[in-house]
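Each in structure tokens, the structures are laid out below.
Look at the two complexes coming up: chain A is in both, with chain B in one and chain C in the other.
Coming up: the complex of A and B.
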């Protein structure tokens, strides 16, 4: 294993070292949050959190727990850096995106600290590629102050049922309206496009609905352009939790199972577009 | 207006919409006593398609007595309702079509598995009745084939190919790609298939001739016919008069009317006479003798029906179509006033629509005498260019 024979002296200086047998586990989940180039990496003892933001109204987070990595070593309590996500994804797929069955790209990711590049060692079939990607000053991610105590409505659906709706969404509609209500229509997605409007109503008793906790009727509109990227996360997920808080901020949490059956999470936050008169 | 479609019929309805989308950009919806009519016409009005779903097609069909409602919708938005035909069959249990006249919306409601309810409220425009005038019963040539036979035939032609030519004899039908002009002809790949009469369920040919029409719309109908397994009946007459493709079932009827390329009959009479009959080579295939067949294969270039292709066809240039986009029914008659300097915009004769005609069905041949003049202009242009 070429990766394990890297000189130990280098490791000593690195504040973050993470090894992964299959780089696809990381690239797949990072793909699900690519909507802007710049991503903030935050490593803690729990694992890695990657954050992408758009228009100060939307934030996408990918969580990769520490135990998904074969090795995950941190010298500090918290390590934060910003990096170009598109470049990182290109590097992770440097041996080609879809390798033959049984062949996987191994990854060793090292970061020496503030001002240093992120170094990737990628190995496939005995060939090692070393990539160094410059890091930049991390921006402060937006805190949506979304706390579970403030959640008004929450539903958990099997992703399968939402995939159909999202693939059929009328993209001529500027907004996606989400209605959650303890009475009919329970959970509704609406679009208002050039040729008319469309509603997708999910019954609360559906076997696609794993959990239905709605306390109050809420209707909020979200910019289609901001929510559309979440389709990528939906596509690889098996369950999705849709929550709104009292201000109408939307949280979409996707449970993603990777190739090895391990579980990762992707979370989207989105601010409502405008006030909609209720009733 | 209340229409409810259930089970497999939802997919049939969806397929009909998809196949109409191969014709035009708008879907004309007309609920009638005898069923729900869905129609479309292309921008140059050279192709028209119509489906009529009988009340029995629906599990419920009720329209208020004396309802005189017709509308047109953007076909794309209706396609969205029936977006994925594969899942339609699996997931949709019931489709309800209703009219909200207050809000000017046509509502499609799909009741899907797992309690999912999809509602599409589509805005519409009022429209005139859209009906092409054609009389398929008076067509000289009629044949009926299983959709598979025709699908397997057209599959050999590239999707970029615009027109095919059918040549009919008593015992055979040839299908070949239509090549615009002589210059192209020397470079182009010519593909020709021959189908024997016994490939067809019914084959009744009275007039031996070659008919050229657009492949795209033909494929549109085949899309529907193939998925429903309904045989396709084709009604053909002389070159220039429309060809009618039709699928029928006890609960539905679909008719596609396509303009055909005129062989410039009236003008060329002097030098060609009854060209189709004269230039047609004797049908080598007529004798069921194997030797004769082999000879025919050997020399297929010379005696094949390709030679029947009248050179005058070359005169019909590609249409710079957009002019016709905004045309309405009545403008059809203004065609004669076009700038005589300009070559004709379309090579296909438009179909004539019922809204400007008395409702009695009649053959749409004489309104096109003006078109002949246009054709002759381009003929002269050709000659001068040469």
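Coming up: the complex of A and C.
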């Protein structure tokens, strides 16, 4: 592959080098969390985590494990930088968003460290594009302190069941209300918009419900504007887990399969808008 | 002044329509120049057009089965008309299934190019549909503005990569910057580069091939492509104009080439298999 012969002498100085035969494995999942311009990239031996935050109360993370990459080399224990996500996506898709069948764009990412740009080498059909994107000082991502031990309610649904509901969400509603309960209505999504109230109910016995673990009734509201972007992650996922903890903080985890059938995860955290009395 | 042409072949009609449609995406008005052998669609590269010019030359023989033309006089046997290519394109697009299409210069309430199409019907009688596309006759004293552009002495002339790929790359670059630098050399290498405060992107095309000297018959003396083949000639263009040109491409070119001269002129030339060629 021509890309591996590029800048051999620079390899010694790069703290992060990552190769992908198919750049879409990265660009598709990044599209699912693009709701703000800037993203924080955190690279560890496990792989890449890309974080986007909004209003200090919503956070979206995309996880691309190291074994998804054809090469993933890290010189430090942890490498962190902040970068403009929209620019990065334009670069990853430089040869066009919808490739012809059987044609893929190969990607090599190199980062030399603090203060250096992120360098991308993309190749398709013998044509090479080199991008250097400026990085900036990463902001500290929020720690929502969401722990599995504090989870009150959890369901896992097949994504296709939620896709219809999310695509029809009444956007004139300022909030999306999620009710989880060991008794009826079990799992309910509600909106309160100009045309009235709408409820989407999912029974615990439904075929679409893969797991149902609800201990006590909780109803929480979340700002619609913060959760609407999660629809993009839902669209490319096959399963989604919905969890709330005792504070009403919401965790949505999406299981995404890429073109090669490999698994990646996208996770959304969101703080509740207001607490409604628990039943 | 008289003009009457008839197209019978459906492939010719289709090709002619696509050429006119491509032009309609580049400019709102242009000049149609008719001579005994050719049709030219011309946009003179004036400042009012943003410096962008266009010259499209079609051999009438490749499209028309019948072609009769009488110019303003026997000495000046040409007709120059100002026309909106969008209007002409729209008329042609609605008659793609016609048995025959006649294009005539007529005088209705004003001068018009009348497109008269004979459409097939279930019965034996034909249906004729007529479109009148208003045109303005350009007086002879203004004709010198529409002469064939002189090909300047080029530094580099190169064949373009597949237009679809070029368009994809230019579309993405347009999201990142307003201006693009095109570099090309005589080794068949071409680079597209953008540079802003946030990002720099460069796309490298190889093995594109360079057209040989004096390839274009209309050039006198041919371009002087001398010097180091590795040396890159460079031109900076407004991406939106480049994108506009690429978006309009509906004809499938057999060759597309880009030439740059040291007078900072960038010429893109597209040759189509039916023998039309044009520069921009």
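The rule is short, and it goes like this: the second predicted complex is superposed on the first by the 277 of 279 C-alpha atoms of A that agree within 3 Å, B and C clash if a C-alpha of one lies under 4 Å from a C-alpha of the other, contacts with A are read in each partner's own complex, and residues count from 1 in each chain.
Throughout what follows, a residue touches a chain if its C-beta (ideal position, glycine included) is under 8 Å from a C-beta of that chain, and two chains touch if they have at least 3 such contacts.
Please read these numbers as outputs of a predicted model, since none were measured by experiment.
J.: Would you sort A:77 into first (chain B), second (chain C), both or neither based on which partner it touches?
T.: A:77 contacts neither chain B nor chain C.
J.: Classify the contacts of A:198 with the two partner chains as first (chain B alone), second (chain C alone), both, or neither.
T.: In the superposition, A:198 contacts chain B only.
J.: Does the superposition put A:208 against chain B (first), chain C (second), both, or neither?
T.: Once the two structures are laid over each other on A, A:208 reaches chain B alone.
J.: For A:140, select first, second, both or neither according to whether it touches chain B, chain C, the two together, or no partner.
T.: In the superposed model, A:140 contacts neither chain B nor chain C.
J.: State whether A:96 touches chain B only (first), chain C only (second), both chains, or neither.
T.: second
J.: Quick check on the superposed pair: does A:125 touch chain B, chain C, both, or neither? Answer first, second, both or neither.
T.: In the superposed model, A:125 contacts chain C only, not chain B.
J.: Give one of first, second, both or neither to describe whether A:87 is in contact with chain B, with chain C, with both, or with none.
T.: second
J.: Under the stated touch criterion, which partner chain does A:164 make contact with: chain B (first), chain C (second), both, or neither?
T.: Only chain B; A:164 stays clear of chain C.
J.: Touching residues of chain A toward chain C in the complex: what are they?
T.: Contacts found on chain A: 84, 86-87, 90-91, 93-96, 117, 124-134.
J.: Inside the complex, what are the residues of chain B that reach chain A?
T.: Chain B residues touching chain A: 73-74, 76-77, 80, 83-84, 87, 91, 105, 114-123.
J.: Considering only the defined contacts, which chain A positions touch chain B in the complex?
T.: 161, 164-165, 167-168, 170, 185, 193-203, 205-209
J.: Using the touch definition from the top, list the residues of chain C that touch chain A in their complex.
T.: Touch list, chain C to chain A: 161, 164-165, 168-169, 171-173, 175-176, 197-207.
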